[in-house]
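Quick heads-up: structures coming right below.
Below are two complexes that have chain A in common, paired first with chain B and then with chain C.
And then the complex of A and B:
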């Protein structure tokens, strides 16, 4: 168990971050090259003003027509993404490890808040899971990998909650927590989770086309 | 009625012995502590000094209670008469290795990983 802990909390962290950053750069660059070759208008019509205007309306809850049409999805997805990003970054236990490794630290959220956000993330994953099975228009577009992704995203939060509350086998769960976090990070560039990278570009281009060409709102 | 009374006695006996037992255990347990820790973010770490050293085969006090001078650990000096915080407060030295929490974490974790024995994860030491 000691060797395993040393491995997942040492070299594997570097591997995960290198795959995440390297893979992200690779995906962005290769997508740009592909777009240049096959879809040159993307570069012609991209407009920062219209892009930012569209992104702005879509990153605020209920600021787009589509958000207002699906209020439950809107509430859950915003709560989910806030928990997904803020919890690991501002978690006291993570910050102390980073501080002791690299001598940098920042504000940590209270543990109680982290607990609530973690439960929100897990519950949201259940919501997305059920949604994919219940709504015909979503089910039609769902493949097995979508369920796998949901499990990959939920796992670090379930195991983190588990080991923080010191439920049985929390040492094993701690290792699974680190490992599942690394897997999630590493698969981001190569799965649908890559919307983290592509969202500003796809949304930005839609905004550009709607603003510059069709002269209409896209929110 | 007699049955109920008997059960009541049994329960109170069990409860009393539980309280007595845990009180006895509490006396036996000691914790890692330093007066510099005023506001605790995590539960204190249970630590039986003599049992630990017997199990870990540690005979020299300065294995843990070390004294460093000019970047070198002094082989024949030890610091068991001091609190860790007397030296380990980063505000004074600006050296992060002198940070009190980091000093405790490193002292325990690095040795445990090296020896492949003892707790290394948060939940293994800071037991709720």
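And then the complex of A and C:
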């Protein structure tokens, strides 16, 4: 068990981060090269002012017409993404690990808040799962991989919560937590989770077209 | 509910599609799809296909989806699933029957109106993906017959309606004669080199809406505009080749249009009230030719009317006596943001403007644009059933008093006419130019 722990919390962390950062850079750079070669319009029309104008209307809850049309989805998806990004970055236990290794640290959120955000993320995954099952227009589009990704995202949070609260088999759960976190991180660039990388670009490009050429709003 | 479900399943028979599919083999399909995907698509296509998280939020953006009791097969992503995702997943290994279905979806279940781009959080351009599917169908020779014929007309005559060169000139002289009965010194100046304005129209205007040329001539003359129309091909700004994926021909058409204007050394092109032609000149055709923006300034009629009004070149003689509602065409509103200009002119010439909801960029499509109405009679009912939501939107405006719809686009006109007729809405449909012509001061006009 100790060997396994040492492996997942040592070399595998490096592997996961290298795949995540390396993969992300690779995806973005190769996409940019492809755009330069095949889609000249993207660089020609991209306009940072209008790209940001559009992005802001979509990363602020209820700032776009469609967010207002789906209030529950909006609340859940924003809460989910905030929890998903902020909890691991500002979690006290994570920061301690980094401080021990490299002696650098930053602000940590109170553990109580981390608990709440973790539960929000898990509950959101349940919401997304139910949504995929229940809403016909979502079910129609859903493939198995969409469920796999939901599980991949929920797993680090479920196991993390479990470990923190020292529930039975928490050592095993701790290892599973680290492992699942690493898997999630590593698959981001190569699965639908890459929407994290491409959101600013696809939204920004549409914002540029609408703002710069079409002179209309796109939210 | 069961009734509409049956309508969805109804088979539409189109000779162009049927004949094209007969010629297909799986090998030809695979080869063509991969050729197009490899040589003509790139980062946008890849990003759009890979970034979609299957959330379904685009659905509410589509009038087909809303009109078919929220049938997911009609949602924007639902249509991409049945076409593009499948050819990407199978690497082009699809059956002729699949191409038939994909052709029908891409050509007759999407107006390329880009409303869904405002509903997808990622700004995925489903219209672009549907156009890619159309391009593949075109390269496979599977295109609805009516629109294919129109594209053939473009290729043979450089106009959409098989209008011969002398017929074009005759039509202009005929309209000039007609209009001179009203304004004796009116001219439709042909081939005037160095004029300020090159006025271009779509093929259907000389073919069966010649009174629009008459009206435009009256407006130009009253405004004292220095304008001209060409007596050569290049007069038609319309473009059905753009909608069937015949991009090479789209480029030739736009080149001919721009070159006619450049030959006459005009300062700018003013276009009649057509939406898709504006898209072709301002957005797609110019890009195909390598022009980031059109090589000569291009102004749509709405903007031109607004300019004439604000500069005092046309004046209001009387207000249009019926309450109107304003339909925002996709290609000049989502395509060029002319909604406020259109409204300012409308308010100036009418007593009451009653908004339909949603409006402006959010307006619901007429279901005729994007080449759908040009796919002709086989798909007429599909188009009308596919836009029941538009009838509801119009009926709501009518219930608040609107009796006339102003639709500053030819395709919108055709589509709305069918909707108004089929759903028994009893509303009139007018171009903004109709209202201006009827209500403006005409200083040189003869009495009576």
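Some notes on this structure:
As a convention for this text, the second predicted complex is superposed on the first by the 219 of 219 C-alpha atoms of A that agree within 3 Å, B and C clash if a C-alpha of one lies under 4 Å from a C-alpha of the other, contacts with A are read in each partner's own complex, and residues count from 1 in each chain.
By definition in this document, contacts are C-beta pairs under 8 Å (C-beta built on N, C-alpha and C of every residue); 3 or more make two chains touch, one makes a residue touch a chain.
Everything numeric here is computed off the predicted structure, so don't read it as measured data.
When the two structures are aligned on the shared chain, A:34 is found in touch with chain C, with no touch to chain B. Of the two partner chains, chain C is the only one touched by A:69; chain B is not. When the shared chain is aligned, chain B comes close enough to touch A:99, but chain C does not. Touched residues of chain A, counted separately for chain B and chain C, are more numerous for C. Of the two partner chains, chain C is the only one that A:44 touches; chain B does not reach it. Applying the stated contact rule after C-alpha superposition, one finds that A:2 touches chain B and leaves chain C untouched.
Looking at the shared chain after the overlay, A:134 reaches neither chain B nor chain C. Contacts of A:166 after superposition on the shared chain: chain B is touched, whereas chain C is not. With the contact threshold set out at the top, not one residue of chain A is in contact with chain B in one structure and with chain C in the other.
Those residues of chain A that touch chain B in the complex are listed here as 2-3, 5-6, 92-93, 96, 99-100, 103, 163-166, 170-171, 174-175.
Contact residues on chain C toward chain A in their complex (touch as defined above): 40-44, 46-48, 50-57, 59-61, 65, 70, 72-73, 75, 77-78, 81, 117-119, 121-125, 282-283, 287, 292-293, 333-337, 339, 361-362.
Considering their complex, residues 41, 96, 99, 101-102, 105-106, 112-113, 116-117, 120-124, 127-128 of chain B touch chain A. Residues of chain A touching chain C in their complex: 31-32, 34-35, 37-39, 41-42, 44-45, 54, 58, 64-66, 69-70, 73, 132, 135-143, 146, 192, 194-195, 198-199, 201-207, 210, 213-219.
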